[in-house]
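What follows is a set of structures to go through.
Shared between the two complexes below is chain A, which pairs with chain B and chain C, respectively.
Moving on to the complex of A and B:
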């Protein structure tokens, strides 16, 4: 059995770590590329959201590398993601790309269903070991997030353009290669060291912009056209409302792990603008805009895939939020026609606006 | 003076209007419905709504605006989270009252009580109690008003199951006589789509009436009983968690499996999330068997009718040839 899974940013580090910890063969699909997207777009429904199209591409490419089992997350609505795996399965069936599908989702009747599905992947390995593997995967996700957050702070202040990205890639690879918990601790230290030695003007002030919105487009650099890198190189310090370890802790571990910020901090402040959850991360998006404004951020950018239902609800509410909390918010919609140059122009314009606004504010208060 | 409550002629109007109307009237309200969809209503909806929203939501914005212009006292926009156990309506319905409140200026009071029976059926009375409170009625009186309105709802549903379409069924409830289709029909065509797309003659470009005029008998998923629908979705690997999409998918597959129709037309709205998934599923299941012709029509706010007419004619011609050949 060779297990594969769809890409979502650096999630592969964590999933691969977890499965290999159990001694299961893993095929990581090639990183999302133009080819992935072209394959996906060709075979997916036109109005499906972007992640589904990239997923299909990932699976076709992984098949070429010999994968035969898909491990995927699911859900029970109302966001479309809950039915992703099954639609994708039908598409692959018609393409004669054969896969076993294992969907990890909340059970319909009782917990045994979920345990049974886990068993399909893990075979007869003892539960204790599976729990250890889960923990290991989670630690990897946490390590990756830590390094990523460092890169957000260093990139706008780097002295040599691109040095942060090179260091980040090396750091991620180090974490990826760790096989045991002890190795991981050492790898994380070395990874952080790599980031620390990037030549940078640490004290240089920078604009602070929050990236909010839908989880997939936030986490997958191909889907958001490397928005973090572009903002960083424009001299902007970024913060992302959604980190992988935070999501895992909120949704899989029911917030059991402490010291990890929870998305509850966003949900609490979404009212009165949005008073009910709307599936996906719509409520968090509205809440995070309020939250970041209160933290003194200069602006926020909402990123979402075209036709994403929960985010459209959020999008139509954000202008009012923006006006009331006095923080500019821009919405970027990602689809298969994402031209990078156009995006950079829009980002530059937005950043110019933020800069001017900040200057005005400082002139008034000084 | 009774409170004038406005109900937009959009979204779940086609399922629940008779029930809501009687319920509200029993509570002492005067019910006002927004006008039939016109180009003007759609345009004002498009103006107030974000570009990315789907067509039905834009249209619903237009109808709410229409009610605002009519000067009603309250707009009835319940937050419909779930109308069946372990199911949802699409996310945009969940956020619709908030979208409206943040985007339409000069709104009167909005009745955005939550309807959520996802956990248990009795939760509907949280809704009835809150609505009743608006009219100064206690919990018991509101609950009674709701329960007394239910027979109308059941009557309405059974009319739908007898093959009437919502407008006709509402007419019958009011005591109107239904005109027979003057054209003889030789084909039976299923129109599968969300009620707010296929029953709105403006949005659907009069699809159903055109089909009838061209000599086809029309059947929709709402003409089937719940049991038949569930029979249809049985083959899905997982329960579909959108109520309306489950109805559509189940209806289409049931009609297909029983060979009850000569052709199936799937009507999807531009940028509709659930349609993009279930439409794909329906199409793949039906095409795999290859025994019933299938056509997909996408609706958006552009109103070029000629193209649709041509496609319908071509589809029906094809069905007739096929019938002769077999």
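Moving on to the complex of A and C:
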């Protein structure tokens, strides 16, 4: 059995770590690229959203490398994502790209449900080993998140353009290569060191912008046209409302791990604007705007795939939120036609807007 | 004479203005970009040099538009700004106190909301061509009328025909249908203007609070029919500023003035830029399956800019060597 899964940012580090810990063969699909998208677009329904198209591309590319089993998350509620795994499997069958499909749906009541699904991949390996593997994968996700957060802070202050990106890539590779928990601890220290030595003007003030919205387009840089890098190079410190370890803890471990920020902090403050589930993370998106405004952020950017229903609901509520919390919010919709030049123009204009607003505020208060 | 240059390089047209120290626009050029931004700007600078007195001193240069980075490097610009900021700066300079800017150009349209002289919100529409200048051009030529007459004819429409304006394809077929039904041309044109305005307000201006003074700029602002339709839909007077057609360039010149007024000496390389040989070469990077088409600009044999790479490998390599110097 050779297991593969779709790309979503650095999620591969965590999943690969977990599966290899159990001695399962893993095929990581090549990073999302134009080729991935072209394959996906060609074989997906036109009206499907960008994540589905990239997933299909990932699976076709992974098949070429010998993968035979797909491990994929499922979902529930009005968002289409819930049945993507099955739709994708049907598309692949039609293409004669044969796979075994294992869907990891969020447990409804008890973590045991998740463990049952995991059994399909792990066979009869002892439970203790499986739990250790899960923990190992989770630790990797946490490690990756830690260095990513460092990159958010360093990039706007780097002295040589691109140096943060190079360091981040090396840091992620170190974490990826760790085979045991002990190795991982050492790798993380070295990775953080790599980030710390990037030449930067640490004290330089920077605007703070939150990236909020749909999880896939937030986490997968190919889908969001590298928005974090562009913002960083415009001198902006970003924070992402959704980090991998947080998502895993919230959705797969049902919040069992302590000390991980949870999306509950967003749900709690969404209430005056939206107080029921609208599918996907629409509720969290609305709440995150409020939350970041209260943390003193200068602005927020909502990112979503074209036709994403929960996010469209959130989008229609955000202007009201923006006016009341007095924080500008811009929405960027991603699809296969999104051009980089147009995106940069909008980002620049938005950052200009935030800068001028901040200058005005400072002039008033000083 | 002393003054500032503003250059707006779009994919379709390139505008250059020369503004004196009292911020009066003395010269303005409109050129077709024809896919060759550098050659176009060089041609423009040559024309400008021959029009301006020999003792002209350029105190600062600003660039905007999709080619702003490239032309900024080529000319040595002091301010390189996106077109939204440039348009907002120009509008609030020419119409002090403006709160809403409606902008419709050849390819794209935008709305900018200003409060207290600062951009408070904006939206831009580039995906759908409905409501843009090229669509009006097309319809004028299909109906066999000069685009300059379009607006005046539309003004004569007494009872505008309702045209489906949700999308250019529907609008065109609906117009043909209304013609076949025998409505007169003036009413159809007036109806088309109203449909395009509706489309703009629903798509670009959606959710924005439009307050007066309202400024209408961009190539389409020349069309009085469109202006009338905006006034009717908004219930507000709509002003078209004098340089409605070159507002991006005006804004870029103003931004350059702002930059050098902080005491930073200009980086303008001089009108001699027009005679230097610039070459654009391309190569396909095979570093990964993105196979980016990387474009490389050389000035007298030396690479001065690279772009088009998705990962930043090439653009950043240049930045790193710059830092090493």
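Rule of thumb we're sticking to: the second predicted complex is superposed on the first by the 354 of 366 C-alpha atoms of A that agree within 3 Å, B and C clash if a C-alpha of one lies under 4 Å from a C-alpha of the other, contacts with A are read in each partner's own complex, and residues count from 1 in each chain.
Please note the rule applied: a residue touches a chain if its C-beta (ideal position, glycine included) is under 8 Å from a C-beta of that chain, and two chains touch if they have at least 3 such contacts.
Keep in mind that what you see is a predicted model, and the values were worked out from it rather than measured.
Room for both chain B and chain C is found when the two structures are superposed via chain A, with no clash between them.
Looking at the shared chain after the overlay, A:342 reaches chain C, while chain B stays out of its contact range.
Within the superposed three-chain arrangement, the count of touched residues of chain A is higher for B, of the candidates chain B and chain C.
When the two structures are aligned on the shared chain, A:356 is found in touch with chain C, with no touch to chain B.
In the superposition on chain A, A:2 makes contact with neither chain B nor chain C. With both structures placed on the common chain, the touch criterion links A:267 to neither chain B nor chain C.
Seen from the CA centre of chain A, the centres of chain B and chain C span an angle of about 80°, rounded to a multiple of 10. Of the two partner chains, chain C is the only one that A:165 touches; chain B does not reach it. When the two complexes are overlaid on their common chain A, residue A:135 makes contact with neither chain B nor chain C.
After overlaying the two complexes on the shared chain, residue contacts for A:35 are found with chain C alone; chain B is out of touch. Closest CA pair between chain B and chain C after superposition: 5 Å apart. On chain A, the patch touched by chain B and the patch touched by chain C overlap at residues 319.
Contacts from chain B toward chain A in the complex involve residues 49-50, 52-54, 79, 81, 86-92, 94-99, 102-103, 112, 114, 236-242, 268, 270-277, 279-281, 284-285, 288. Within the complex formed with chain B, the chain A residues making contact are 45-49, 74, 76-80, 82-83, 86-87, 89-91, 94, 103, 108, 273-280, 282, 306-310, 312-317, 319-320, 333. Interface residues of chain C, counted against chain A in their complex, comprise 66, 81-85, 116, 118-122, 124, 126-127, 207, 288-291, 310, 312, 316-317, 319-320, 323.
Residues 30-31, 33-36, 159-163, 165, 226, 229, 319, 328, 337, 340-342, 344-346, 348-350, 352-353, 356-357, 360 of chain A touch chain C in their complex.
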